[in-house]
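Next, two complexes with chain A in common: one pairs it with chain B, the other with chain C.
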Partner chain A sequence: MSAPVVRGAAYILVHTPDMIMRYGTTCALEHEANPESEFLKKLPEYVRSYEEVVKYAPNQAYIGNILPDILNTIEKPWYKNLIQAADAEGKMGEIVSQDEFYAAIKLSDALDLVALEKDFLIEIKAKLAKKSLYTEAELAKLKEGSELSEIESKVRGGAEPLYMGSKLVGCVKAAHDKDKNLTAHIMVENLVTKASGVIALKNLIYRNNIPADSIEYVIECSEEACGDMNQRGVGNFAKAICEVAGATGATGSDTRGFCAAPAHALINAAALVKAGVYKSVAIVAGGATAKLGMNARDHVNKGVPVLEDCLGGFAVLVTENDGISPVLRTDIVGRHTVGTGSSPQAVMESLITKPLDKVGMKITDIDKYSVEMQNPEITEPAGAGNVPLANYKMIAALGAKRGDIDKTSMPSFIKEHGMPGFAPTQGHIPSGVPYVGAAREMIMSGAIERAMIVGKGSLFLGRMTNQFDGVSIIMEKNTGREESTGAVSKEEVKEMVAEAMKDFASFLLNGKQG
Partner chain B sequence: MLQDKKVIIIGDRDGIPAPAIEECIKTVGGEVVFAATECFV
Partner chain C sequence: MDLENQKRVLDLSEKYGKENVVVIIGTSEAESAGLTAETVTAGDPTYAGPLAGVSLGLGVYHAFELKDQIDANVYDEQCGMMEMVLDVDAIIKEVSSIRDQYSQYKD
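Let's look at the complex of A and B:
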């Protein structure tokens, strides 16, 4: 059996300023309850430009242009101290503009539900033609576009509009006239998830020179649900994404588990490779429109820009051992079980210390912990605190309690083994996985030996249980030693020794070898 | 302080979740009439 390795990772952000007001739940609910509110009137003043989003340091960390620890050297607030030389193209992904994304939605539209205005489409086609991510054949699928009057008519008939500023440039219509699971709004949510997932998978393939058809299986792990009135949320985003991204050799399925889903998916992918079921498994997730501007009310009240203006996406490829890439240790997996309980200490013990105890490791044997990596600049104005820091404090406290570290060294442990939060609050996106790419880079450069990826999920929000959830897995340096499938097992050695002893006894008794 | 008092609990996923607070409240004689954990991220 081959050790599963992290062969590559991709991270993308999509700046969608004109989707916040209509598709983000905070603004949409306010629209329904209080359409003339001061919050809604003020919000447009606090929306950032694409250039500001590109220059925002946490976003540069997310797409891999700077390591997360570099954020410690940039003065806060980060939204005021922009990286002037920043690039929208990252080592591990890119920051996509809204107009490009609308075209990506159209490319993901299998049933002609999306209409884009023809002049807008001409501009976007020209822009996309300059990018190597899209082929001519893909761009040809965008066709010629629709007349504005036709789009206006569809919107009057219930289609959901797509705006660039105040300009209507497209719409998404319902996929059924009566099915509540195929309404225009749900089709927007699902097409956005699919399209951003496609961009993430394409980036993974393109930036790591992976033959698209070499991927055998894809696990999609976002937070949306596609299906109709007879089978709500049945999927399958994974295969739909593979089809558009050109992964023609793959099938796949969707894994759900709130924010913990990506960590579950990573473990599942590693297990499938380790077991030899597939040689190459990608995990992928697109973003969630519902969470756009989730904390915007607090941001606007406190004079902070609406920092939840981007959709997030990622893709990670797990393959058979290449002798170079970091190994996923399927024998060191932490899990929050039904019987674990909900106290913070019990949760952290189940995810952090129990798996370490199993193999005799100390808390300090993990060089970096990737926990809930939400950008604190988003959560602190909303009163939710610094989530990664709270997690690191708990890990450090556990370490002190176990005697792995001295109580006085807790602050230095947090600094060395933690990192600042840098991921957008897109639910599943910040949970453990944002650091997989940076961990791969740091392990391969020798900066660190080992990292733990921790995913946690708020299952109780689904109202099916009061349970919390979480899983963890360790990534570590590849020793370069390929496991040999022809190796002799312990039992075989015993048999060989027994056979030799039998021959020797026979020789002693008979004076010759038998 | 909480003996025979009715208590409403809003826990935080990344802080102290409601079931953990509920267990504490029970030990000091409070009556939990509502408990929920919220996720603010």
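Let's look at the complex of A and C:
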């Protein structure tokens, strides 16, 4: 069996300032309850431009242009200390503008639910034609666009509008006149997830020179649910994304598990490759409109820009051992089980120390822990604290309790084995996976040997259980050694030798091979 | 304190009597521990939930304050790690201050 390796990773952000008001739950609920509120009036003043979003250091870390640790050298608040020479194109992905994204939504629209205004579309087509991510054939699928009057009429009839500032440039209509699971709003949510997932998968393919048709299976692990009134949330985002991204050789399925889903998906992908079911498995997730501006009320109150202005997406490719890429250790997997309990200590032991104990490793044998990597600049003004730092403190405390480290060295352990949070608070996006790409880079450059990817999920929010959840897996340096793939066992050798001797004996007796 | 939990606290104190209910908090920040303690004693300071304007005056403690009452092994297993991580003194100071001001059932 071949060891599964992380062959590549891609990370994308989509700046969607005009979706915050209508599709983010915080603003949408405020619109319903208190449409004239001060918060809603003040919010537009705090929305950032695309240029500011590109120059924002945590975003540069997310798309792979700087390593997360570099954030330690940039003075806070990061939204005031922008990286002036920043690029929207990253080593591992890109920051997509809203106009381009609307075109991507249209490209993901299989049933003609999306209409874009024709002049807007001409501009965007010209812009996209300059990018290598889209082929001419794909751009041709965008067709001619619609008259503004037609779009206005659809919006009056209940379609959800797509704005650039105050300008209406498109809309998304409902996919059924009575089905509550196919309303215009839900179609926006799902098409956004699909389109951002497509961009992530395309980036993975393009930036890693992977033949699109070589991917055999895709696991989609976002937070949305597609389906109709007879089968809500049945999927399959994965295959829908593969179709648009050109992964013609793939099928796939969706994995759900709140914020922990990407870590589950990573383990599942590694297992499928390890077992030899598929040679090449991608995991992919698009973003969630609901979480845009989720903490905007606190940000506006405290004079902080609305930092939740981007959708997040990512894709990771797990393949058979190439002898170079970091290996996913399927034999060292941590999991929070039903019986684990919910105390923070029990949770951390199940995810961190139990898997290490199994193979006799210490907490210090992991060079970097990737936990819930939320950008603290987003969560701290909302009173939710510095989430990654809280996780690192718990890991350090566990280490001190076990005697792996001295209590006095907890702060240095946190600095060395942790990193600042840099991921957008898009639910599933920050949980463990944002560091997979950077870990790959650091392991391959020799900066580190081993990283643990930890995903956690708050299942209780679904009201089906009070359980918490989480899983973890280790990525480590590839030794490059040939494995025992295809090798035969002792028993098989004995059988073969016995068979050969029998044949030889038969030959001696009969003068010919039997 | 979330609205569902406020309702549960209110229901339990009506069912068993306020003198027979003690609230034990496990929150990780002094500020949020104080707000929770205030909610079950003086009433919901955010005026959003069932305890808005309802001063139950319940006995309220953070789990860290009960260390001496708990089996040492159980405490170490459940709270030992968090005790090393959190600002225990600040949490206890905040909760005991609220309790001293508003709780009617302190012993």
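One rule holds in what follows: the second predicted complex is superposed on the first by the 485 of 514 C-alpha atoms of A that agree within 3 Å, B and C clash if a C-alpha of one lies under 4 Å from a C-alpha of the other, contacts with A are read in each partner's own complex, and residues count from 1 in each chain.
The rule we apply is simple: contacts are C-beta pairs under 8 Å (C-beta built on N, C-alpha and C of every residue); 3 or more make two chains touch, one makes a residue touch a chain.
Please read all numbers here as calculations on a predicted model, not as lab measurements.
Have a look and say if chain B or chain C is in touch with more residues of chain A.
It is B that touches the greater number of chain A residues.
Is A:344 contacted by the first partner chain B, the second partner chain C, both or neither?
A:344 sits against chain B and chain C alike.
For A:70, decide between first (touching chain B), second (touching chain C), both and neither.
A:70 sits against neither chain B nor chain C.
May I ask you to decide whether A:444 touches chain B, chain C, both, or neither, giving the answer as first, second, both or neither?
Neither chain B nor chain C is touched by A:444.
Is A:383 in contact with chain B, with chain C, with both, or with neither (first, second, both, neither)?
In the superposition, A:383 contacts both chain B and chain C.
If we overlay the two complexes on their shared chain A, which of chain B and chain C does A:397 touch? Say first, second, both or neither.
A:397: touches chain C, not chain B.
For A:271 in the superposed arrangement: first (chain B), second (chain C), both or neither?
The answer is neither, since A:271 touches no partner chain.
Does the superposition put A:407 against chain B (first), chain C (second), both, or neither?
It touches chain C, and chain B stays clear.
Residues of chain A that sit at the chain B interface in one complex and at the chain C interface in the other, please.
After superposing on chain A, chain A residues 343-344, 383, 385, 390 contact both chain B and chain C.
Which positions of chain A touch chain C when the two form their complex?
343-346, 348, 383, 385, 390, 393-394, 396-398, 400-401, 407, 410
Which residues of chain B touch chain A in their complex?
Per the stated touch rule, the residues are 12-20, 23, 36-37, 39-41.
List the residues on chain C that touch chain A in their complex, please.
Interface residues on chain C, with respect to chain A: 28-29, 31-32, 77-82, 84-85.
Would you tell me which residues of chain A are touching chain B in their complex?
259, 341-344, 372, 374, 379, 382-385, 387, 390-391, 425, 427, 430, 456, 458, 460-461, 466, 468
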